[in-house]
Amino acid sequence: MTVNLGVIGAGRIGKVHAENLVNRIPEARVTAIADVRLDVAQSLASTLNIPLVTADYRDVLASPDVDAVLVCSSTDTHSEIIEAAARAGKHIFAEKPIDLDLATIDRVLAAVEQAGVKFFVGFNRRFDPTYARVHEAIHSGMLGEVHLLHIISRDPSPPPIEYVRVSGGIFVDMMIHDFDMARFLVGSEVEEVYTRAAVRIDPRIGEAGDVDTAVVMLTFANGVIGTIDNSRQAVYGYDQRVEVLGSKGAASTGNVYPNQVTFSTASSICRDLPLNFFMERYTESYEREMRAFVKSIVEGTPPPVGPADGRIPVVMALAAKKSLLEGRPVKLSEI
Amino acid sequence: MTVNLGVIGAGRIGKVHAENLVNRIPEARVTAIADVRLDVAQSLASTLNIPLVTADYRDVLASPDVDAVLVCSSTDTHSEIIEAAARAGKHIFAEKPIDLDLATIDRVLAAVEQAGVKFFVGFNRRFDPTYARVHEAIHSGMLGEVHLLHIISRDPSPPPIEYVRVSGGIFVDMMIHDFDMARFLVGSEVEEVYTRAAVRIDPRIGEAGDVDTAVVMLTFANGVIGTIDNSRQAVYGYDQRVEVLGSKGAASTGNVYPNQVTFSTASSICRDLPLNFFMERYTESYEREMRAFVKSIVEGTPPPVGPADGRIPVVMALAAKKSLLEGRPVKLSEI
Amino acid sequence: MTVNLGVIGAGRIGKVHAENLVNRIPEARVTAIADVRLDVAQSLASTLNIPLVTADYRDVLASPDVDAVLVCSSTDTHSEIIEAAARAGKHIFAEKPIDLDLATIDRVLAAVEQAGVKFFVGFNRRFDPTYARVHEAIHSGMLGEVHLLHIISRDPSPPPIEYVRVSGGIFVDMMIHDFDMARFLVGSEVEEVYTRAAVRIDPRIGEAGDVDTAVVMLTFANGVIGTIDNSRQAVYGYDQRVEVLGSKGAASTGNVYPNQVTFSTASSICRDLPLNFFMERYTESYEREMRAFVKSIVEGTPPPVGPADGRIPVVMALAAKKSLLEGRPVKLSEI
Amino acid sequence: MTVNLGVIGAGRIGKVHAENLVNRIPEARVTAIADVRLDVAQSLASTLNIPLVTADYRDVLASPDVDAVLVCSSTDTHSEIIEAAARAGKHIFAEKPIDLDLATIDRVLAAVEQAGVKFFVGFNRRFDPTYARVHEAIHSGMLGEVHLLHIISRDPSPPPIEYVRVSGGIFVDMMIHDFDMARFLVGSEVEEVYTRAAVRIDPRIGEAGDVDTAVVMLTFANGVIGTIDNSRQAVYGYDQRVEVLGSKGAASTGNVYPNQVTFSTASSICRDLPLNFFMERYTESYEREMRAFVKSIVEGTPPPVGPADGRIPVVMALAAKKSLLEGRPVKLSEI
């Protein structure tokens, strides 16, 4: 069986998904592409031999040659497009977040449920071989009962200030991945968060109403205690790690490097910096993610990252922000 | 110049200090040893050729051949002995904690100050080559401004339940080292703590009124945010690590191993477990600590770990415990 | 400019090259594919949309839609096909070795030279990011003058005995890659080899006239001394490493792993085995190799791995074998 | 039982042994010390409370308070002192090499055998925890049958030229440790060596008749093939490693570092250089070596490093040198 897919949004991540679908996933065909910047869509369509090109995503939804869509447009358009896609009966892969407003998210998810289409949220890190291996170690019982979790997630440099102004802030645009990772690894829901954060890297981030350095403590329903550490700038590059302590053992992960060379010089023993940012670091995860989406359609199985996985991390982000503003632990049930 | 020292308490740690003084520190002589278990004191005195042996520490304080004392007796006797030693005009090295009661600590430290003797608190980890190197990297400016700190400190197995019942609990008997390390590394005082903790390893620890798994979030006066993670049991052994993120770079530490062999077998790439507990892991720190104590007397310089360093970690421990009990962030100024 | 390529041989490595050309190299088009097993060729042609499919490689050479060919057929057919391709005026990428007979190699290379076509030999490891980084470190001068080189190259398990019988033996079918790597890294030619080898893994390998464990010492014209260690079986998997000592520093490489997880259990600190064999380990090198081949055609530059690079490692292999048989150091000039 | 020891030679290594005996080995007493530089002997005697001090080693041998002697004097005096000590009925610990002349070695060992005293040769690296662990892994069968061995042994910088002129050369003064290590680990004798070497670091070393960079290939009686790589200068410090491949697995060792800190900066991920030279790197081995010597006397067991272990590495060194001079593999039976 072949799945026909329409890609909505031909920017960086849309291009990655389209290329993976066309070049590496035999069961998939990309039959349509949309982008409000028509030339961008056309360029990608030409390279990948995509027949339908349009500036209007509704053309994609109207096409009988489209079984499923990828929502890779800007965040503020996600909810509208997802709802429309659901009404059109298309299966949906949506980049996170669905929306920043919980009421909107709930409305969108209700539409999805009513339509009975598959809904897959793009938390690609779950498909990274390293994180997937930690997940497997936990869920196979190899580590015993989990007691403690630490997530470290630092960007090589801050995004543009214009982005910070509209992104919803560090908890929504950056830590949301870590909230998902925490739930994914621990296999239990967070009940309470406590946040401490500061502007340490660039005062303009503070002026834009955000923080650039944040630590959130997480308390899970199953008793696990965790922490997430985010920084907008680690000068040595993209730092993405996790540690888990369980009753039978621990797992910890390292960064991914461009090569496996160690240099010994007169001043130090050293190696090159890790892969610099998410496009390089998570290359493999994007391919495996698309494969999982296509597979869930072909085999009729539930998406491994479903509607609730799109909603809960937003709740966690809102709770983390509230905790920061009010200087107290906040229960997720308050949101 | 030679310093004559009296050792009070000939148990495990008193023995380590006495041996280091006798065998490795030429400027030091151990001239007296006291232990309520006289035979224990006699045995050590015989091995190390210590002339004065007694069951009563007051004999040590009365000896004109003693310039300084090491208080290595049980915790509940620390305050009394320190006060008496100060009144006797002896310089003092005291194992931590001074006491579990702040009023008592303050009375003891007042006596020390009035006597004008040196007072050195036994936070040996400061003298460990690995932690000392991180401290140097921070304080030389190599890492820039510090933003984030994580301390991981896990024991290989829980202490006997009888110990848990009288120790004052995990924050005082175990995390106190990490509170000191946090202050030492960051070079600023903690203003607020928030604690989440649980009984995950042994229910008898809970019955004894303690927890065995704890995470404390720290907010420092200089803006650093930190976490400390303690577990009474890491099945792979003693896990003692720290991570620091600064504006110019990061430092992270690894455990210490009994050998440098990596095995490659048909099932995994592996190495032996790390050094199992503090006596092996921190061997070098104990020697360097004694050296620093003797040096501060010989050279008339202030002890690198002074009276305030004995008091503040106890305050932090009390605040961490209060935070746990009250389920809210606690400022140190509340204690 | 687009380069039209014909792939001769649709087996494992032909498939890898064809897929890389079609899916990842925009300047390349695969216009023809040949395999004596016509169904194998057809299957790949169908997946990759290759228009010309044939059982006879001469059809590929006759096609005006083919600018260059990849010779990925069995080793005993290389020389004939390369010569024919040269006469047909096609640029040539040939898997190693050109042939096992030096006179044949010389005849083939003469034909290539006369035809004036590009000739690229498939020593893919030169394009592996790790080895390329070591090469860069050496040739940038970062390591100073090179003094010593060690190459370790071990397979996870021996090939089938039928393969051993016809492959030409370990020096030609396995160590040839390391001979190329030695020349590539050191940037100088080997003058003498000395070999010690044995049958340690499977007596049937000895009965087939080969060895399974071998060490060759290399003496280079520029004074570097090197060793190569080959084993047909490292039970922990594919072990591919190199060490270089220079006057200003050293470089050493590690294996590549499927994930970056370290597990700490009650018995050891461990990680999963490295990537198991060359298809996984050298994935990236194959893509980069094809990119380099296409680029040399598009830009009209000499192939980075040219005719001499196809000949000399065979000379080294013959010398290594002679050294083993005669129990003495053998100069390459003797071959 | 207490063993009374006389130390002959109060230089660097004599001092290390004396301090270990006095401070860390309760069963040992150092009762005599000799050095032709009497003041050096007196200084050490004073620090360690050694009663008999003399410039003439014969006084030590004549003392009834001496059960065993340590021969730590200059190499050219070893044979004479060992013979005299044997005649005096003292157990003997001798620093390597016994002598550079085989006939002399044989005469000395005959004297030792006739006297029936214990004879222990100072190959301290056998007692290093890392090498001892590799030995244990091999001899426990964990690695299966050994196939390949590599030893890397590089000094941080060349010794003074005056030393090179009289030392006997790199094979005798430096690689002799590696020859012993090879025999120790493999548990079989070397039958043939082949050497390639060069002067790459300092031309004055060549003028003094020596080389500074050398690789020796070893063929063992049990079929193992090995290499040893020596350099007089690794700019990054003392590099001491070994790799073993066996039928069931492999072991490889890393260097020892002054701390366990990894720094991540804007330019690289790095750590401090390894411990710089043998006094720091092998500290623990010296203590364990002395402990083993004293234990063999106390318990009446054979020394773990006996007479043959003092002779064979000299034979290997002579063979390696002969191979270099004659440009051919040399069998040890030729020496």
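Read from first to last, the chains carry the letters A, B, C and D; within each, the first residue is number 1.
Everything that follows uses one rule, which is that a residue touches a chain if its C-beta (ideal position, glycine included) is under 8 Å from a C-beta of that chain, and two chains touch if they have at least 3 such contacts.
All figures in this text were calculated on a predicted structure; none of them were measured in a lab.
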Chains touching both subunit A and subunit B: C, D
Greatest separation from subunit A - chain, by CA centre: D
Averaged-CA centre spacing for the pair subunit C and subunit B, given as whole angstrom: 58
Chain centre separation in whole Å, for subunit D relative to subunit C (CA means): 43
Whole-Å gap between the CA centroids of subunit B and subunit D: 39
Sites on subunit D at which at least two other chains make contact: 234-236, 239, 248-250, 264-266, 272
Residues on subunit B engaged by subunit D in the complex (per definition of touch): 22-24, 26, 47, 129-130, 132-134, 137, 142, 248-256, 258-266, 272
Interface residues, subunit A side, partner subunit B - complex: 145, 147-148, 150, 152, 154, 194, 196-198, 200-201, 213-215, 217, 219, 223, 225-227, 229, 231, 233-236, 239, 243, 245, 247-250, 327-329
Complex contacts: residues of subunit A adjacent to subunit D: 234-236, 239, 264-274
